[in-house]
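Both complexes below contain chain A, partnered by chain B and then by chain C.
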Partner chain A sequence: MKVKLLLRNPQDYLRETADDIHKLARNPAPELHPMSAETEYVRALNAAKLERVFAKPFLGCFGDQGDQLSRVCMHPRALSLCLSGCVDGRVAFWNIPRRSRVLQLDAHSGCVQGLCWHPEQDLFYSCCDTDRTLKAWRVGDDLTEFSRPVSQRHLDFAPLNLDHHVSKDLFALSGDAVYLYDSRRSDPVGQWKWGSDSVLQARFNPTEWHLLAAVTKDNALLLIDTRQREPLRRIRCEFRQNALCWNPQEPFVLATASDDYNLYSWDARRLASPACVYRGHTNAAMDVDFAPTGRELVSASYDCTVRLWESGRSQSRDVYHTKRMYRVFAARYSLDARFIVTASADFNLRLWKARASEKLGALTPRERAAVNTAEALKQKYAHHPQVRRIVQHRHLPKRLYQAQLEMKAIRGKQRRKEVNRREHRGEDKEPFVPERDRHVRGVDE
Partner chain B sequence: MKNREDSDDDPLEEEAEATMSAGEEASADVPEEDHAALLSGLRRTLKVDGRRRSERRPPSSAMDVHGLRSAGGAASSMRQILATALGGQAAKRAVGQELRAAKRRHRVLEAPAKLTEAKSQRIAAYERANKDLGRWYGYVERNRLSEEVSFPLPATGAPRPQSVSDYRQRARVDIAVAMSADPDSAKGESGAAPTTSAPVVDDLESRLYRRLYNQTAIAEAAGLAAGNPQQQQQKNPNQLDGAKVRERLASNRRLIARRHFLEEKLKRQSRIKSKSYRKHARRAKLKQEEAELTALKDSDPAAFAERMAALERARADERISQRHRGGSKFARQQKLRAKFDDAARQAVQDMIQRGKELTEKTDGDANGDSSGEDSDAKSSGDEAAVQLPEDLVDDWNDGTAEEDKDETVPASLRPARSTGLSAASSTLASSAGQKRQQQQRSLELDLSHMPSLPTVDAAGDEDGDALEAASSRRSLARLRTDELLAEEVAETEADAKADFEREKAAVADEEQPKDVDLFLPGWNTWTGPGTRPVSEERRQKFVIKAPRRKRRDAAHGHVIIRERLGAGQALRRHLVKGVPFPYANAEQFEGAMRA
Partner chain C sequence: FQTTMDVAAEDSDQMPSGFHAKAAAKAARLRREAAKLASASALESPGGIESRPGEWAPTQSKLLRRVAVAARPGHFELSLQYGPYSVAYDTTGRLLALCGRGGHVAAFEWRQKRLMFESQVNEPCHALTWVGAGSTPQLAVAHSNWTYIYDAQGLELHCLKRLHKANKLFWLPRHWLLAACTDTGHLHWQDVSTGQTVASYCGHHGPLRVSALHPDSGCVLTGQPNGQLCIWTPLEKRPVVKMLCCPAGVRAVATAPAGHAVYTLGGDSRLRVWDIRCLRPLSVSDSGADAASIRLFDAAPQLAVSQRGLLACPVRQGAALMVLPAGGAKPLLSHPSPGRLSDLAFCPWEDVLAFGHARGLGSVLVPGSGEPNPDGAVHPLSGKRQRREAEVRGLLDKLPPETIAPPAVGGGVNAVDAEGIEEALARKRAAVMALPSDEVRQFQPRRRSGKASGELNRKVGERWQRRRMELRQLLKSKKRVLAEMGDEGADAAGGRKTKKAKKVSQSGELTKPATGTFLDRLIPKAD
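Right, the complex of A and B next:
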């Protein structure tokens, strides 16, 4: 006798455990779900709202350092370690997840201007413009060893910043010029200067190691090849660039933080104008850093905020502020691009999430699926006005809000005036100048 | 241009002056007139402009030190001189050609080679650097377009020190490594480049490496520093043997499981909603308590006394609360207590009696509503009524009486109220509106019957009596008109107010979403003539209440704000206005949204 069996897989209708939610059978036939589009839209709206509900980017404050913080430097290999430099010359060594200070040392007699790790050894360098010294510190086993520098170098110029070569024992000091030092030699290996003013910061390209970019006090951006005797090119900007950073994933892209409240990203192959102008801060941008993914930027500003940007989008993705955070002088991404450490004038180091609403810790597969679904929904409905409104909304302190309004009014006024002039004088006499071309005075070859 | 003219002065004059000064020194006796005549003669023959230039010359930046700069003016004058000197046409042409060629050859010199070379070198170097950077373009583009980005986190064991002690430990490992490994490789540079601290990694690669290069010493050192757990256990004197440990672990596990079962059971029980189960559970609990108490009385008098004291405390609490209900938890407990205490039994009796007294209905209560079902709430309400002082109650009654009296007064005589009028008063006001029109007419009539009032100019001619009479009439008329006008104004105001209120209520009613009645007669029941109508309670279950929206003009008595939020208006907020950036047209975008 032939017995017909109805074969069913218990996994389709049984729960894995008694605590699990009940499985619901769902017929996916589209004609049974005439309101599916509407449902999806509402789900997208809810996903956007929930993102804002869970947006808690501030993770913690590392405790009072006694004076304003000037520099932050992440460890090149360890996720959990960073250094901070203080205006009173102290350098502290932090454990980020524990928010505890591992060690602290009186490194200099003035403001710590440069801090950088050796890429391979447990060694870091610090420099100061007041005592004009460069010191190398070994992160050793013993406090006594740590409290004395491994080596010390007296400089005949005031160093303003410091950067280490990615692989070789070379570091670039910026002062009245850009100096390239070999750690085993007393005299600089190379020296570059264009113009009379001093250099604020010089950084190595992490991929093309021989390339250096530098920003100077006379509003210029320099491109330097360490194999050449002279800088390659000099871009004269409208305002001073306070800091710069190379994109770790895109070797020809660099970003600068400017005194005119903007950030600029530059394509090193086409330096006639910036590739993108990042607008949003309401005071000078003091520092900029690329995420290790190369897709995002973080900037620290004098307006007491930290802003996060997607590379190539002129609007900021997020703005972080707290009641107590004062002027921010430095911001750095962690190695896994998930966290940000900022140093500010209120003596504190702060830790932030790079994605404000991200859940920390392990995700169950179901949670992961839910997060992915929410992301996909938000992306799909990103152009819908209500979704966009919710996603973009940020509560700002009154001071910042007013400043933003003011800047908006100023820009609107300028634009209106331009349009009027163009209409009055004609297109040929008053041609339209795109935003990108307004910030460069000229390029010197 | 001026500089140039100044610097390129007339050469002839210069020459002449030079010769003159030389001549003056050599022979001072040449007469002045003769010299002037000679010069003028020369000028005439040579046709040179004889204007004197000023001696003072501004300092010129373009110093013609090496004579590199060929002077245009000088050249032209020289050409003239030569042309006149040579005379012939053919010769002139040749000379002209020569001069033109010379002029062509004379150009402004290029910048020194040193400078241009540096610049060209810079440009060339920049182009080379561009080329180097450009090689990354494909990689970058691919990276930008890819969904996921992989960025290099160092795979080698990065240091993860937590504190100073960790560092010490790590340093010990380093030292051990340095001592065991090849001395040349471990020795670092002196000064700024100290010893490399090789992190000890225990992954497959490093194990292979160690096996290949026989570096077991490193692993050993690492194990030593990390503190091998087995070694540590051997050192521990208070260690237990395996069987005991196992036994202890098993008992622990049993305990945990038992606690878990109990928790689960309680959780399950707490979720049961059945009334009968609850009743049984309650009774069982009471029985258990009773049993416990009887047991305690014999076995542990002290504990028994304590329990009784607790019950006494509960009783005191109940007295304070003044609830006096028979079926309360307290009452049940008191009943339990009464088994052991006559006084307690009496207390329960008293309490029930008191409760009855308090909840008894009193006749002649004007405010009392007879349909109250909740005796508890009612009793408290009655108590409040009793506690009200007499005069207050009188006041209350007077107030209501006055209100009633007010209603009897014609609406036209009542002063207009500024507060919002009720529906009843608004109807009154509407009737007042009709009256107003009648009175308006009567007012006109009255005024027409009045004797014509004398003007101010004519007043002087009238005699005193007439004046008096006129004034009295006038005052009377004024009085009457004032009265009427005041009445009129009050009425119109009240009327307008009422109209406005009515309009506002209508607008609010119109804009308020309506309840949806989903009740269908006969659904699940018999219907038709002769059947029992469905109860209102059941009917109301099918009515979906519309949300009560707070109106924006609710706080403003004199304003109507229309909130015309039709379906289209509400939807518009959710619609995309234009075609967003990556899409070329609306069809593309719609297609993307549909997918």
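Right, the complex of A and C next:
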């Protein structure tokens, strides 16, 4: 008779020295792991709850600027620097991590309408519509060379915005038309216009160097090729587009912030309708910016909130608000896509985290693994009602919540009316129009 | 783990369709691969006895001569005087507790024979179980009236008055629940971590004297005198499943520590093995022995099943215990008991069986009963720090009581809510296709009164009559299209009129009328 008895050697289960980690027995057999799906679900639920517990996106105020801020411009190469323009003509230079003002200069006599950096040189441009000037300022190492502009150019139109080309020495000014200026020439190199209304903003495509997009006051979006004399396309929208931004990673995608409370992302190859409609704001969207990854958007709105979106998803991922933050007019992503700087009508610049529950600072390998696991769990169980409810829910102050309910009621009423009409009048008289097709009046070539 | 008999679901005649057969085959293949992986990385191999044909089942002295000296702590006898004893191991297999009808309660580490505590509570104690995690072990003992919880030093921590006249206590480690069946027919589920009573109700099925816990799902199984096996969950006040498993009353119920096998001993003294997932008998094993051929004549035997499927049962009116191999009828070993056997418990992770009897308790070696390779920190050799961390993790991963459901009923966290999906799709279809509702079709226009109302009423009536005919046609054509689509092609959220749809509808070769919507692309083209 052969007998084998299960006997364990304790040495196999104990660590050899005190410097070793403890040994962990592992057996992947499913019989030893019953209810593993339920356990995973509970972990996903806990991960969602903990994410909300640690969601503290507001990092701080930059300090009172004294007057309403009109523009924010991030440095193209340095992570910690940004510029802000004020309605009283002051331009301030900020250190983002310290949230302190490095320098301030009285750039213009009126509202600073445009601010942009030169992509390579330590130079930035500002323009003003009241004094109709475009000024170039040099930044030195000791940050004292600000007192006088390097160059100054008088324009015969009132500029409303300014953008610099990603590599060439060109910049685009928008005023009554889109003007393309070369820094070495005094006269504009190109001029484009469609209709009689002024152009609010023109931006260069970061990849396609000859392409410009512009938004005009008569609710239109223009697509301009600098090699041609006339604009390529004009998309007539229902409402005014307040701002636009090209996707830094996808050359043909741009996003606009509209007065009808929505953001739209457009595919330049097919402009008949927007690629995505981002719905969530309860008042006009004033500014939009893509993250450097091209996968996320941030929008600043007249309803005193900042919303973050994932590219292609029409429901916002997050909403930021504070008691003291009033109408938000500008929002920008930092270069590492981790922070957001917002400028609002309460005279303040604010710094926020792009991921509200992200831990700033070095993560140990265990922490990183735990964060990644939590993220994967939340994605796996994202469709479960309890997990979805926790992940999606955001607390809003009463007036914002009421505004949201109002928007919901308005939309619900519109939809119900459409359904009833379709039922009674028939589908040929009341066809089903998807959301995307409802916002464009026409495309002109 | 070795299941007693392989799952009935792998039988091809039990499969409802080819799809299910393929899925079952894939699942079986994955299980085999996982087992291979597990065995490749396994540290230990299971124990066992290889006997020549015709050889008798070994006695303990024979086993002791053939195994290492380190195995000797597993074999001991304690002569105690305080009545029939119940025994319980904790989940790590390190601690053994006993309670006697004479009021003797004790707990000790059986390997080192280190006594944790011993006390005389002056009340009959009927059942016990370890609660909590291994780092702070607590013992729940069912006294004659109430249930008490003692800590590792024997101090009385809690007196659970709600668990009145409990005759069986169960510990659900993943839910941190203490479940109890009582002589009054009540079932209780107490959360030990928060102290909340999750459920406490009367089952209205008479005193629940025969009960077992199904550890994989957390349900309590009770055997009824009418031969039914009832499955109870905390959220339902009546048995979720009632299964007739014996022609006479059920005398004993036992479950394996993992898996889906349920053993019932009926009034006809036959042992039956059931698959709790499909509520059918488990198929006969390779050995050819039929478990039902086992006859156990004890009045109210306590059965115990080990991690590897070995079944221990009392024989000869409790004068001896017998261990049967998984799926077999020929005993692996037997051992005489000094007193009448009252309780049996296999030690988890070890090849040891403890038995309580009228004159004390004992422990015997049973080669091949313990699972050799544990996972995590729940094993006898885990350190204090690991057990503590496992306790914290266990508390964080505590499952809600809603997850306690018998596998036969289905559901579960990953189950597809087919009804909900169907309803949502139907709603979308109705909104997009604008199926005219009954209200619209049965609408009667308001009859006007007054001058020239006759003409107006006639016109309105005619117009609505025409519209009703149109709606009827529309409904017919749409229903026809929907019927053809069946459950597929229900992507009705779009509603765009694609160019393809227009082409198909404009061609004159259709056998079915086009509805003018995107659904036309689903209409089969006429050949």
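The criterion applied here is as follows: the second predicted complex is superposed on the first by the 414 of 445 C-alpha atoms of A that agree within 3 Å, B and C clash if a C-alpha of one lies under 4 Å from a C-alpha of the other, contacts with A are read in each partner's own complex, and residues count from 1 in each chain.
Rule of thumb we're sticking to: contacts are C-beta pairs under 8 Å (C-beta built on N, C-alpha and C of every residue); 3 or more make two chains touch, one makes a residue touch a chain.
Quantities reported herein were computed from a predicted structural model and do not represent experimental measurements.
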> Is A:13 touching the first partner chain B, the second partner chain C, both, or neither of them?
Replying inline: second
>> Contacts for A:424 in the overlay, against chain B (first) and chain C (second): which applies, first, second, both or neither?
In response: second
>> With both complexes overlaid on chain A, does A:81 touch chain B (first), chain C (second), both or neither?
In response: first
> Is A:25 touching the first partner chain B, the second partner chain C, both, or neither of them?
Replying inline: second
> Which partner does A:3 contact after superposing on A: first (chain B), second (chain C), both, neither?
Replying inline: second
>> After the superposition on A, what does A:439 contact: first (chain B), second (chain C), both or neither?
In response: neither
> After lining up the shared chain so the two structures overlap, which partner does A:217 touch, if you call chain B first and chain C second: first, second, both or neither?
Replying inline: neither
> Looking at the overlay, does A:293 come into contact with chain B only (first), chain C only (second), both, or neither?
Replying inline: first
> Can you list the residues of chain A that touch chain B in one structure and chain C in the other?
Replying inline: 37, 41, 384
>> Looking at the complex, which residues from chain A come into contact with chain C?
In response: 1-8, 10, 12-14, 22, 24-35, 37-39, 41-43, 46, 384, 419, 422-424, 426-428, 431-432, 434
> Along chain B, where are the residues that touch chain A in the complex?
Replying inline: 118-119, 121-123, 125-126, 129-130, 132-134, 136-137, 140, 143-144, 149, 151, 153-154, 156, 158-164, 167-168, 170-172, 174, 188-189, 191-194, 196-197, 573-577, 580, 589, 592-594
>> Quick check: in the complex, which residue numbers of chain A touch chain B?
In response: 37, 41, 75-81, 95, 98, 100, 102-103, 120-123, 136, 138-143, 150-151, 153, 169, 183-184, 207-208, 211, 223, 225, 227-228, 230-233, 248-253, 268-269, 292-295, 335-337, 380, 383-386, 445
>> Going by the contact rule set out above, which residues of chain C touch chain A in the complex?
In response: 1, 3, 31, 34-35, 37-38, 41-52, 55, 58, 62-63, 66-68, 70-71, 174, 215-218, 258-259, 350-351, 365, 367-368, 370-377, 379-383, 385-386, 396-400, 403, 412-414, 431-434, 436-437, 440, 470, 474, 494-497, 516-517
